[in-house]
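Multiple structures are listed underneath, in structure tokens.
Here come two complexes built around chain A, the first alongside chain B, the second alongside chain C.
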Partner chain A sequence: MNILDGLLQGFTAAISLEVIPYLIGGATLGLIIGVIPGLGGHFAMAMLIPFVFRMDAATGVTFILAAHAAVAQGGGLTAILFATPGTGQNAATLLDGPAMTEKGEAGRAVGAAMTACFLGALFGAVVLTVLLPILRKVVLLFGPPEFFMLAVLALTFIAVLGTKGAINKGLIGGALGLLFSFVGAGNVTGERRFTFGLLELWDGLSMVPVLLGIFAVSEMLDLWIQGGSLARKKTGHDARSVQKQIFSGVLTTLQRWWLVIRCSSIGTTLGLIPGLGSAPAAFLAYAHAKQTSKTPEKFGTGTIEGVIAPESANDAVEGGALASTLAFGIPGSSSMAILITALIIMGVEPGPELMTFHLDLVFLMIWTVILGNFVGTILGILVANPLARVTFLRGSILVPVLLAIILTGSFVVHSSWFDMIVALLFGLLGYVMKKLDYSRPAFIIGFVLGLMVERNLFLSLQLYGTRFIFEPLALTLMVITILVLVYNLHKLLRKS
Partner chain B sequence: MSSNETDKSNVGADLLFCLFLFGLVVIFLIMAMGYKSVTRHAPMVVLIPLAFLLILQIALSIKKLKGIKDSGGTLSLQAKIERKSLWRGSQLFLGMVILIIMIYFFGQLFGITLFLILFLRFVSRERWILALSLGVGVTLGLHLLFEKMLGIPLYPGAIYKYVSGLIGI
Partner chain C sequence: MSFFVLLTLFIERGKNMKSSSHAQSVNRRRYAIPLFLLIAIFLMAIGVMDAAAQSQTAAAAYYKDKNLNFIVPYKPGGGYDIYSRILRPYLEKHTGARVVIRNVPGAGGLLGVNETYTASPNGLTIGIQNAVASVTNQMSKIEGVRYDFTKFSWIGRMATNVRALVGRKGSSYKTIQDLMNAKEKVKMGATGLGGSTYVDAVITMKALGFPAEIIHGYDSSKEMDMGMLRGEIEILWGSYSSRRKMVKAGEQFIILQSGKKRSPEIPDVPTWFEVAPSEHAKKILTVLTAMHETGRPIAGPPDIASDRLEFLRQAFYKAMHDPDFLKDAEKAKRVLSYLSGEEMAQLAKESLIIEDANIKQLFIDAIKGSI
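The block that comes next holds the complex of A and B.
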């Protein structure tokens, strides 16, 4: 299948009657979850996982990815209107978004943010499409030693870059995830490991309850303990004027197309690096916009460029992140780890197999990112005000309702009681990890990568013995891993 | 509340967490010794560095705790806040345990309705009308979504199973 055929097939599939309701439904749910402060893209995806296991790969992936695509738009809305970022990736929008609201330009900022999000996602998707033929060739150079070292490199990146200076805690998170993935029958010999005599652990810990526990139950615990309503700050924006100004914001963003392209390319490039995520991309894009602006002194006082730059970068990240996830099966973030889980549940293995035999699915994902963002933008523009009211929901109402859904979700995948208990216990673990700054993304990526790490380590040892680390590409990856670790440790020591 | 107090409380919790994890790692290490060499290969590759990382983290926490202790920080206000958080956290954790027990006996649909009504009314202290409508509404939504749309049967409950077996449905 060539790129043009793939693009056409992907588009036809995305707008087919079987898929489009899931695309719209997913994007709507993503937008709503994004609006709620504290519940990010990984929460949206984790919540939707139990629903996809009976779907076919096309509808399931569309549903889950559309939700993820629209989360940032919802988060941007809350950041602008209530000075509370809906998701971590919208933190940079706080620098100018709320200031615009205070100046009475809330609608303009919302319109600009929504359009920038869509254009950023579009840019990322285009880059991913262009990269596909190259990635298909590169992936063939990878054998078991290279995949093993790549997994180690990705985990190191996530552990080192994803934690606030606490490299040790990031590495502990990743190693713990790997360790828990080894529970159950051994991947190579089938011998049971770490089951403590429990029959329910013979097949290992199920991915869905672990994901729901680490990301969803722990967030609920946090929300409950904090108490109060989700939005901490109420601004006196006028609903009617917000709606009126939105189109002016859309137009301004289209006029600043060169800024959108520059910031989107920053986002996509950073998306290719595992562990960096959207937040640093958004801040970097903001800094770039300020540096290159003719009026840098206006940044921070409510300038529209200060909203366009971070919002276009944080959605462009997805294109880059998807590239490494789909081609190598190595997730660059917790959301991508959840996407891999969903693919595995639906019988599709990411990596070379996906790039060779399921290219139609890859193009469907590319279109989902574009169309999911488009739906999110349209909905965000049309219902900005009613949507923003979601933030006034009290945690005391939201938590029990969402918990009932989460526990039902963890039960239905295997109709197992044990899975509900697993979700509960991992929820507790996730909460403690969150509070003590241990990396939950590293944990979940380690957990998802466990099978791949063990299989490739075994194959490498069988094929080359312990000399597998001296294979040229594997050696290069190992050297990069060591350099990343040494550099960051050195930086940390100098700082302390 | 001074940052000193917060630090002390967090470092103490961190130390406890690391000691717990270290205990778990030691148990896993002992268990792994008994497996075939191929089976324990990958776990050992993870367990040994993890043990070292935890020892390092424990040492760092002890050093930090000593430093804060020497500077004379108190725990009174922080302890109060922590106690409140602990109470709210345990309240929800207990709620989740009760929810699982309720689902076991009454089934997913009836168990969730009952749990939501009781929790929203007596723990969240919401009005009866809101508790009732949310309890029924959420359950109805779950039934429509899982059973009708996705064709996934929800658990009917031990009582239903017992009664239906008794009357031979």
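The block that comes next holds the complex of A and C.
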């Protein structure tokens, strides 16, 4: 079977009558899970595992992958409308999404986010398809030295994330994030750092409660203190104008295709890094959009590019994460690990023979990523209208309800009371950072990348000694890092 | 019920006495006392069984429609989680309770195990655990251990750990002899310090005496697999079930397996006992084997009322032998190795005893990562 045949067979399988109900059912479920703060894609998939025992491979894979695909759309809705990240990957959308809602442009933001999600996923899937023949080589290009340099490159983005051009406040935010990332028993030495005798801190601070605290709890505090409603402007909330806005959002995103492509490629590349997840990709795409924008000062005040960038990146990640899963049967993320378990249950061995003997299934997966996202986008647009009206409720009504949902979300991931306290404490920190203009995205980038930098540096040194930086790809990445830094410094100096 | 049986038997006895002749009755008298004793013992036995059956029905009534919390000390999607999720519907079927899986990850599983141990012993909280980690944590006395491994209410074991030492496709070290004759240090992958890939690596390196450099710090066995594909490491230890896939794909091959007997799944691979160069090495490996034998057990907090514990053990037995469950486990390629609660309790006691002080120190050093 050649690739074109596979492409066609995968598509006909995906839209066949046996499979399509599962595609739509899975995507709907994923959207709902995504809307609920704290619950993410791997939760949706783990929940569906018991059901796949009685399914054949095609329906089962479609079911759980569609659920996983539509999670980002659900999360995007919550992020834009309720200033709460529905899943970790939507946290970056909080930077401009809620600000647009505040200006009465909720519909526009939702339209843009939903479209960007779909386009990002489409991009990831296309790249994956194109790379399919050389997938194994591409995946193996990246080892500890490359991951290390990639993480360092990502860290340099912190410099542009200072709000209102204050570079030092961006750096301080990033350093604070790095500091918090080192809490816990280090993988390298096994030494327990900053754990204060608390077992709960041994594995480090978990990402979801920290994200929910820094972005969601702090917004709730802000809304509570300031009063008013999430949408401050009292116009544009009738069903008709929301509908119009959604279409304008969709159109704007299509017009910004070049931005979508650039951000999606950031997402897909970072998807290759095992275990990194999509949250950092979204933040880096945001930073990239801000860096290349002609009007960077508008970022953070409700600009549509600030929504398009992260939402296209976070769904493009799946293309990259799927790469090592398909090429070697080695999962690139916790969600992919669950996918592999499901495949084994349904009698398909993931790994090289998947590509040789089950090419139709590989393309079914790729098509599911595309179509699942498409269904998610359509559903997201449909439910946006009624949901958008909730944002006009008074803060005094909305805050207690949302705060309860947010805290439940932080509890439910690991069923841990401790995580709830973490969310509250980081909520306070986030509020202070917001009020004093310290960069919260920089904080998150530092927080997510700290351990990755440390672990890969240590592994690289063990494996190659200090000469690891001369590995070809690592060297290339280092040159890019230096160029980016020089460019930014130049821009900064010219300004002052 | 037993009272009724007793009554009818006495009436029957009375009838027989009347109808029998004198000679027979002399004969009968001689046997009367032993016979009576026999019947009494029989009746007592029935009575005890009956009481037990009654308390079993009481336990069954207790569990009916209640929530039975099932703690998994790791995140959703891992091996322990999958084992639990496959078992769940069958545990529900045979207990009548709603089994609620709660993932309580943290501190390498310690948090969830502590939570199982300190839960109320009402029989409504049980959990699966990585027993090797539980044993090594207790043995090395790391802070944060809030349990005594020997005191859990053991319900049974789902699986043991068959460990496999695998080599990279194309590696020049094909057999354990190649490794033992190696001139330079062989790069051996491991995850965090003190984890089971690390402990196995250090202990086998010492016991079998082959030169190795342990590259540790990989985040998971998946990352190690990628590392091996890129040629960063030559060999690594892992559970057989996690290695199976890469071996089948031809990317890795198995050099050695754990245990005293070859696993029926890999009959051509020597065990570490077969290649142990000395009696001392065998002693070390006996300890390591005993630890892996504890595998993936299910337990509740200490002092669960005996009738409820017995009920749970029986339900677990039935679930583990349910044909549909076996089919599901087979589908998910999860190897099972049932052990009853009583046997598991015995194993738990044995696994913590290391008589040789030097060997004990070796294990503690390996677990703490100071080798």
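Just so it is clear, the second predicted complex is superposed on the first by the 275 of 496 C-alpha atoms of A that agree within 3 Å, B and C clash if a C-alpha of one lies under 4 Å from a C-alpha of the other, contacts with A are read in each partner's own complex, and residues count from 1 in each chain.
One rule holds in what follows: a residue touches a chain if its C-beta (ideal position, glycine included) is under 8 Å from a C-beta of that chain, and two chains touch if they have at least 3 such contacts.
In this text, all values refer to a predicted model and were calculated from it rather than measured experimentally.
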| item | value |
| --- | --- |
| First (chain B), second (chain C), both or neither touched by A:225 | first |
| Which of chain B and chain C A:2 touches, first, second, both or neither | neither |
| Partner chain in contact with A:344 - chain B first, chain C second, else both or neither | second |
| Partner chain(s) touched by A:43 [first = chain B, second = chain C, both, neither] | second |
| Partner chain in contact with A:405 - chain B first, chain C second, else both or neither | first |
| Contacts of A:415 with chain B and chain C, given as first, second, both or neither | both |
| First, second, both or neither for A:458, with chain B first and chain C second | both |
| Which of chain B and chain C A:432 touches, first, second, both or neither | first |
| Partner chain in contact with A:466 - chain B first, chain C second, else both or neither | neither |
| Overlapping contact positions on chain A, where the chain C interface meets the chain B interface | 187-189, 415, 458 |
| Chain C residues within the chain A interface of the complex | 75-78, 81-82, 85, 88-89, 102-108, 110-111, 114, 143-144, 187, 191-194, 215-220, 222-223, 225-227, 229-230, 232, 245-246, 248-251, 328, 331-333, 368-369 |
| Complex contacts: residues of chain A adjacent to chain C | 42-43, 45-46, 49-50, 53, 139-140, 143-144, 185, 187-190, 197, 199-200, 202-203, 274-275, 324, 328-331, 334-335, 337-338, 341, 344-347, 349-353, 414-416, 455, 458-459, 462-463 |
| Residues of chain A that touch chain B when the two form their complex | 51, 54-55, 168-169, 171-172, 175-176, 178-179, 182, 186-189, 191, 193-194, 217, 220-221, 224-225, 227, 394, 396-397, 399-401, 403-405, 407-408, 411-412, 415, 417, 420-421, 424, 427-428, 431-432, 435-436, 450, 453-454, 457-458, 461 |
| Contact set on chain B toward chain A in their complex | 10, 13-14, 17, 21, 25, 28, 31-32, 35-36, 38-43, 45-47, 49-50, 53-54, 56-57, 60, 85, 88-89, 91-93, 95-97, 99-100, 103-104, 108, 112, 115-116, 119-120, 123-126, 130, 134, 138, 142, 145-146, 150-152, 154-155 |
